[in-house]
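Chain IDs A, B, C, D and E follow the sequence of writing; residue 1 opens each chain.
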Amino acid sequence: MINPQDLCTRARDLLASGEVRAVVGYRRGSRGMAAEPVVITKPEEAASLVWDPSCVHNLALYLVADRKRLAHLHQTPGKPIAIVAKGCDARALVVLMQENYFKREEVYILGVSCESTGVWDDQKLMQRLGCDSQSLTGGRFDGDDFVVTTATGEQRISAPECMADRCLECRHPFPTMNNVVLGEEKARTLAAPFAALSRFEEATGTQPARWAFWQRQFERCIRCFACRSVCPMCYCEECIVDSITFTVALDTTAAEKANRVRWIQRSATRSENIGYHMTRALHLAGRCIDCGECERVCPVHIPLRLLNNKLEKESREKFGYEPGVSIEIASLVSSFRDDDPNDFIR
Amino acid sequence: MEESKMGDNIYLPQLARVIHIKEEVPGERSIKTFRVEFLNGGGFDHECGQCAMLSVFGRGESMISIASSPLDKEFKQFSIMRAGRVTTAFHDLEVGDVIGIRGPYGNGFPVDDWRGKNLVFIGGGCGLAPIWPVIQTAVKRRDDFKHITVFYGGRTARDIMYRAELEKLRSTAEVCLSVDKAEEGWEGFCGFVPANLMEKAPSSDNAIAITCGPPVMIKFVINNLRNLGFQDDHIYTTIENKMKCALGKCGRCNVGKDYVCVKGPVYSWADLKELPPEY
Amino acid sequence: MTKKRTGVFVCHCGSNIAATVDVAAVAKAMASEESVVCARDYVYMCSDPGQNAVIQAIKDNQLDSVVVSCCSPNLHEKTFRDNAKSAGLNSFTCEIANIREQCSWVHKDRGQATEKAIRISRSAVRRAGRNLALEPIAVGVTRRVLVVGGGIAGIQASLDLANAGFEVVLVEKNATIGGHMIQLSETFPTLDCSQCILSPKMVEVSRHPKITLMTSSEVEEVSGYIGNFKAKIRSKPMYVDPDKCKICDDCSQVCPVVVPNQYDLGVSARRAIYIPYAQAIPASYTLDEASCLGLNPVVCGKCKDVCEAGAIDYDVQPRTVIEDVGAVVLATGFDLYGQDHLGSYGLGQYEDVLDGLQFERLCSASGPTKGHVLRPSDHKEPKDVVFIQCVGSRDPARHCSYCSKICCMYTAKHARLYKHHVPDGRAYVFYIDIRSGGKGYEEFVQRTMEDDGTLYLRGRVSSIYEDNGKIRVFGNDTLSGQNVEIEADMVVLALAMQPSTGTAEIAKILKVGRDKDGFLAEAHPKLRPVESVTAGIFLAGAAQGPKDIPETVSQASAAAAKVIMLLSQPQLTHSPMVARVRSRLCTGCEMCVDACPYDAIRLENGKAVVNDVLCEGCGTCSATCVRAAIEVKNATPLQMQEMIGAVLNF
Amino acid sequence: MERMLAKEQIGDWIRTLRGWEVFGPVLQDGVWSYQPADTVQLDHPNTAQPPKGFAFPQREVFFTFEQIKGEPPRLTPVAPKGGQQVVFGVRPCDARGLPRMDRVFTETFDDVYYRTRRGSLAYVGLACNQPPSPHCFCKSVGGSPVSTEGLDVLMTDLGDRYLVAAVTATGEKLMQAAGDLLTEPTGVDRSEAGRLRLAAITHPQRAVNDVASVPPRLKKGFDSSLWEDLARPCISCGICTFLCPTCHCFDINDETNGSTPLKGSRVRTWDSCQFPDFTMHSSGHNPRETLGSRLRQRVCHKFQYFHENFGMFQCVGCGRCVAGCPVGIDIIAVVNQVAASAGEG
Amino acid sequence: MMHEQQQTQTQYEPKIVAFLCKWCSSAGSDLAGVSRIQYPAHATPITVMCSGSVSPQYILSAFNKGADGVLVSGCHIGDCHYMEGNYLARRKLYLINEMLQFIGVEPTRFRMSWVSAAEGAKFANIVKDFVEDLRPLGPQDKLKAQHP
């Protein structure tokens, strides 16, 4: 089991020795036991870092933000930046490196192993405890359990009861690409891969049932773009399906702006929302590493993970492609095999 | 236009026909001047410095300064720089095409308060358009004002808009043109507008300065004007924050508590310097 | 900027279009398009008056773009683009709407066909409205050719090219050119002597003023593109100056080292300083680095001492040259399917089990036995010889799946040669079936069977082992259904041809594809059989697939002809409809780089950059890039979107 | 007018509201939202979205246009679908959003779309006996769990029955429709209600410290470096603003659905000051380019600018932006920190 | 235009956008023309250089704009003019096909085929079948943009 204190010490040493210029990690915020992302640059700030089941965020996003910020300021990174990374986060980094977004040496990966558990899911906490992490006053890992403190006192709950689906199904709880890892690599099987997806596919076996379900979901989307904004793989300078990242540089011509393709309209109607989500899912095929962030942040609880998982499963079964395992290989859609499925073609 | 079922609909444009198009400045960021006349007996009166929301249907709306004098009742004039989606659509228009127009918006220059004063106009690039109606009005009501000086500069001689009109203006006003870099055959000033201003150093006595242009230029001009002794409340400029509704609702043009589309775009430096620098 | 003055010309094509499509209605519908200023129909748009009308209309209406709704663009795109050009427009402002093959000819319902013709025409109008004026990309050419591989393919190609007046650099990795053909004794189907027909060509190569011959050399790196390649070639030192060597053989006499002679496939021996064979080109001895002791003069140095011509120099260094060439012919040939895969046939294990090439050497007058067929083990004449076909080929489960194509023929040839050498011997051939397509080939095989009394057994050999000086071959004859066992004196295996060792490397260096069996891939199996997928690189000979000499020579000459065609142009022109990167949006993820079939994209300062000359405009990159950071000119996503809209009346 | 209604009779009351389209909180797919309802069960926490969309929908078509080549375009305004709407179960904080929107949409320029929708909308509120979210802070911003501002009717949950109180004339009309279903409250009812109200009002809440001093302090803190520090984790999504009962920013675009002839509509959609391109000029210049400047805009708009313009905060303390922020940006904490730092300086 | 109106009253006529690669499928459809093989007029071709250039975005866009069916047709595997374009197309379009079905769009609405330049008859049949398969489904409105 990881002693959170070790994390603080590591981070402090890294900063103190000048080995890294900053550490991206988690700290306690003002909302109960909900951790929040933080970027620290001073050794003395390291004491504020935490590691507990509320560390849900995929911090790779902040490396992307850091890089964009530096590019904007025309600065070169210099020393590497350290990041606290779970298994999934580390795989996000692998994809980012596979896509040349970073060089390996630009990032110091302070891995944390999820060992036999993972992070929690607020909705499951809500069901189990009647309140979510924002109302808890304590929460930590303890072996296979979470120990939480509610208004009524401390409670021990078996972690799988409240763990995020993606953690239950996780096949890589150990950050394989790392500079150092806290915690052990444990063999574990909590749920079959794609279990939630399979449950869904079984429950909505027919085409009308599928549509009935997704129609509701897509009509609900308010297109706040949180799902895209939080995704470390959606680091495009300008997203092709939203308008909010419209980039204009000095050399952007009027014609370029005038000719920007509007694939979907700004209206959050069903058709446009589908356009948005389909595009995003397809863009993430072979790149999404199932950190589940998009689904977690959605304010109207659209089960986006199902979309990404579907393509992940197809890619794995049909193309033998697993995202986030190698920096070297060509990405899913820029490669092919002779025996890719052909039977859907006439 | 169809009668609105809902009475006064602030979002519904009137229709106007383009009756004249003139290319002022060529190139990638070309500027064209459009004269339009309202259809179906529509129209509105405006003050110098006010703006209108112009639309090319299917492409969208843009806020554009009304570049004609309020004294010209039979048409409205706009000088539009090709900048993006909507403005490009404008540049693709031909005489006879119909556009949408709603307005007038914003506060306008307090021209009447300036009676009996010297007027110093300082414009750069496309920034001549918003102050052009003031110049026009001042010329039409020439006796109301004393000395009129117009500073204006472009990157090159080709970038000078209203070239012919400016030459004509020389008969009633002092016109000081400049280009950024020395050019063959250029007889005016070479250098940036603020430098030209310092070179000519117009007197701040009983004078109002009106400036408009790119944000950096304005910054230097205001600085120089103050060095020349202009009081903060005798310096006027306009702010062009992004606008969508022009009605103080859509929420993007605000600087501090002010919605520029309603409280602006014209500000005296005395007022503007109280606001946070979000423009 | 978008085009605003489009003219649309709708062709009746006599009644070909007009019978089913209401052409006037199409013209009228097009006239109501935003950007269209003139739309008309005419009975034969492609006739002289039709074309003139287009030209006139362009001038009269100051059109900036043209759409012709007519037949397939394959027929008249060029015509009308030329019209546009002669009227002063850029030819890429003209688009064709195919309303004949894809509409009037395939529909009967006039209403529906007319609607469809409108949709097709409208989408062409929208596309034309956003076409950029493009000029074909001109590329200068270096009028020199690199030929890789000095087998018959490379030799033939080099000679054809050189005789056409082009400079040729012929690179051969061995010490001599000639390839496998020089090892053959007689060749099917005419049984003429291989060396007799090849040697003169080899000599011609060495003497040709336009050919620079580089033996013991290999291509290390190739950069550039069609018309403008730069090849880095590395030559191993030969240690013997061919210009000085008199081929006196003094050196080899004193050389203390004896190693198997590769040229005779190990059937004979040679020294460390040797001449591969008498007719070798360059005609010179050569020193084999690997076995020579003298490179360390303290140890040996005998040959240098005896060489009166002073041709030997132990201190020569490898040298690397860079050659500028406009085209490349790859003729790297084949090797026989490796014996390490073939344990069950006893190859390499039993001395008297030979492969086809070894047998060629045994039959060859210049071979180790001076043309007598003798067993390697005891130098006796073999009386029972078993030839086995399809060894390593047509066996997807264990070996190569393809048919090696020439083995039936050379086995038949071997059987005959054997019978000619040992008339009282018995020849057996195990075969699966006989493939003898080719001029005179079937007759050749018939003669082998009938005139020369070779016993053909249909079936596979199950095992072979040596027993008391004999080689026992067990097989089964599927025709009689009986198991057969032959006590043979010698077994000859017809091994499959496979790409020569190093084919993978050279393919990578030159960025040409390989097929599933590892042979160099042609650009199109039917229509572009001598071109590689990379423009400016051509294929000849067995490197592209198993083939015999006539086919090799044809392909070599074809490749040479293609090169001549290419390099005879003053400049190359390339379609300007190439990909363009929108750098601001590109994040350098390299997905396009991986997806591009032509290796036309590379990263520069973290952004994708397209090589206009390599890009074929397929658009695969553009569909792969999630960021829409790369698009093909005049087929941009914006144009596609507008065309989709046009089709759906959106 | 105060009346009592037995809980199980709420459906009966709703059925008396002829001519009204009735909405109530519904839990579907794990999300609470206002849906058309025959009856309602008011045991909901905060709905995911406030009811602001009834007056200010995420998508509003202003007018359609159609233009045949060579002719002037024809514009056809699209009036909001008529008909009275009543929303049950509105939380007092959310209701307070409405009067704030009124200031924006009906003063200076009168927005006919908003006014039309607003004019036919009624809110039947539910007092918060318990704060529905750990981040409720209505009291800090001038509201209370029993506030009636913006409501037409306020109901208080007394266990098996509701105390139903009319706030506006419309509210009274709604109650009159119920006829006998609504009964006079007894003394017990009243005292029970009073007890619950007191408990609700005194229930501890998170708080904006010294709220009166916040506007001037924020003004002073405009240049504070805290803005960038606090905004560092922000991902620039629109959750905080799209879920806010008072955020009113929007975008206007032309959506086309035909080119020959040109057909389309001019459409208003919600927009957010947290989106990077919100204020970006056509030249690329962006007055609010950084995360900090955008966070500052959101916070200062609610706690300073709006107050300067209208004398009230533009935040009603519903806590949605706090709970919904994916990375924990907490408006209460931000205001407190910036105000505190500005106070010191 | 009259015509269209009459039809909507009698029978629903599906609108199909057909992306045809220039080298094989468009040529194949030309051959159908040359051979005068009749097929329904519901599929409007858009010729692209290679099936590999068909971005999934185009397919979504076509549905968004009201297509009832979308067809993508390219060279047979191994015959791509650009060698690999159709392999890459196959992978991408497999994914979008799966995705459309996953959200409950009728599987019939998206179709992919390999048609060589010699397969005029095959092309005609594909269009014929596609139209017949689409007819019973009625207009596609799941992904179609809503207006106004």
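We adopt the following convention: a residue touches a chain if its C-beta (ideal position, glycine included) is under 8 Å from a C-beta of that chain, and two chains touch if they have at least 3 such contacts.
Computed from a prediction, not measured in an experiment: that's the story for all the values here.
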Common contacts of subunit B and subunit C? A, D
Hey, which chain ends up farthest from subunit C, C-alpha centres compared? D
Can you check how far apart subunit A and subunit E are, centre to centre, with Cα atoms defining each centre and the answer in Å? 36
Note: subunit D sits from subunit A at a C-alpha centroid distance in Å of 31
Take the average of all CA coordinates in subunit A, do the same for subunit C, and state the distance between these two points in whole angstrom. 47
For subunit C and subunit D, let me know how many angstrom lie between their CA-based centres, rounded off. 71
At least two other chains touched by the same residue of subunit C: list those residues. 1, 595, 624, 637, 641, 645, 650
Where subunit B touches two or more other chains at once, by residue number: 83-84, 87-88
So subunit D residues touching two or more other chains come to 251, 253, 255-257, 259, 262, 264, 267, 278, 280, 282-283
Which stretch or stretches of subunit A touch subunit B in the complex? 253-255, 257-258, 260
Within their complex, state which residues of subunit D touch subunit E. 61, 64, 78, 255, 257, 263-265, 267
What does subunit A use to touch subunit C in their complex? 99-101, 235-238, 240, 247, 249, 251-252, 255-256, 259, 261, 263, 283, 330-331, 333-335, 338
For subunit E, which residues are in contact with subunit C within the complex? 2-4, 15, 17, 26-27, 29-34, 36-42, 44-50, 52-58, 61-62, 65-67, 78-79, 81-85, 88-89, 92, 124
Parts of subunit D lying in touch with subunit A, wherever the complex brings them together: 28-31, 33, 48-49, 58-59, 134-135, 232-233, 235-239, 242-243, 251, 253, 255, 267, 269-270, 272, 275-278, 280, 282-284, 322-324, 326-328, 330, 332-333
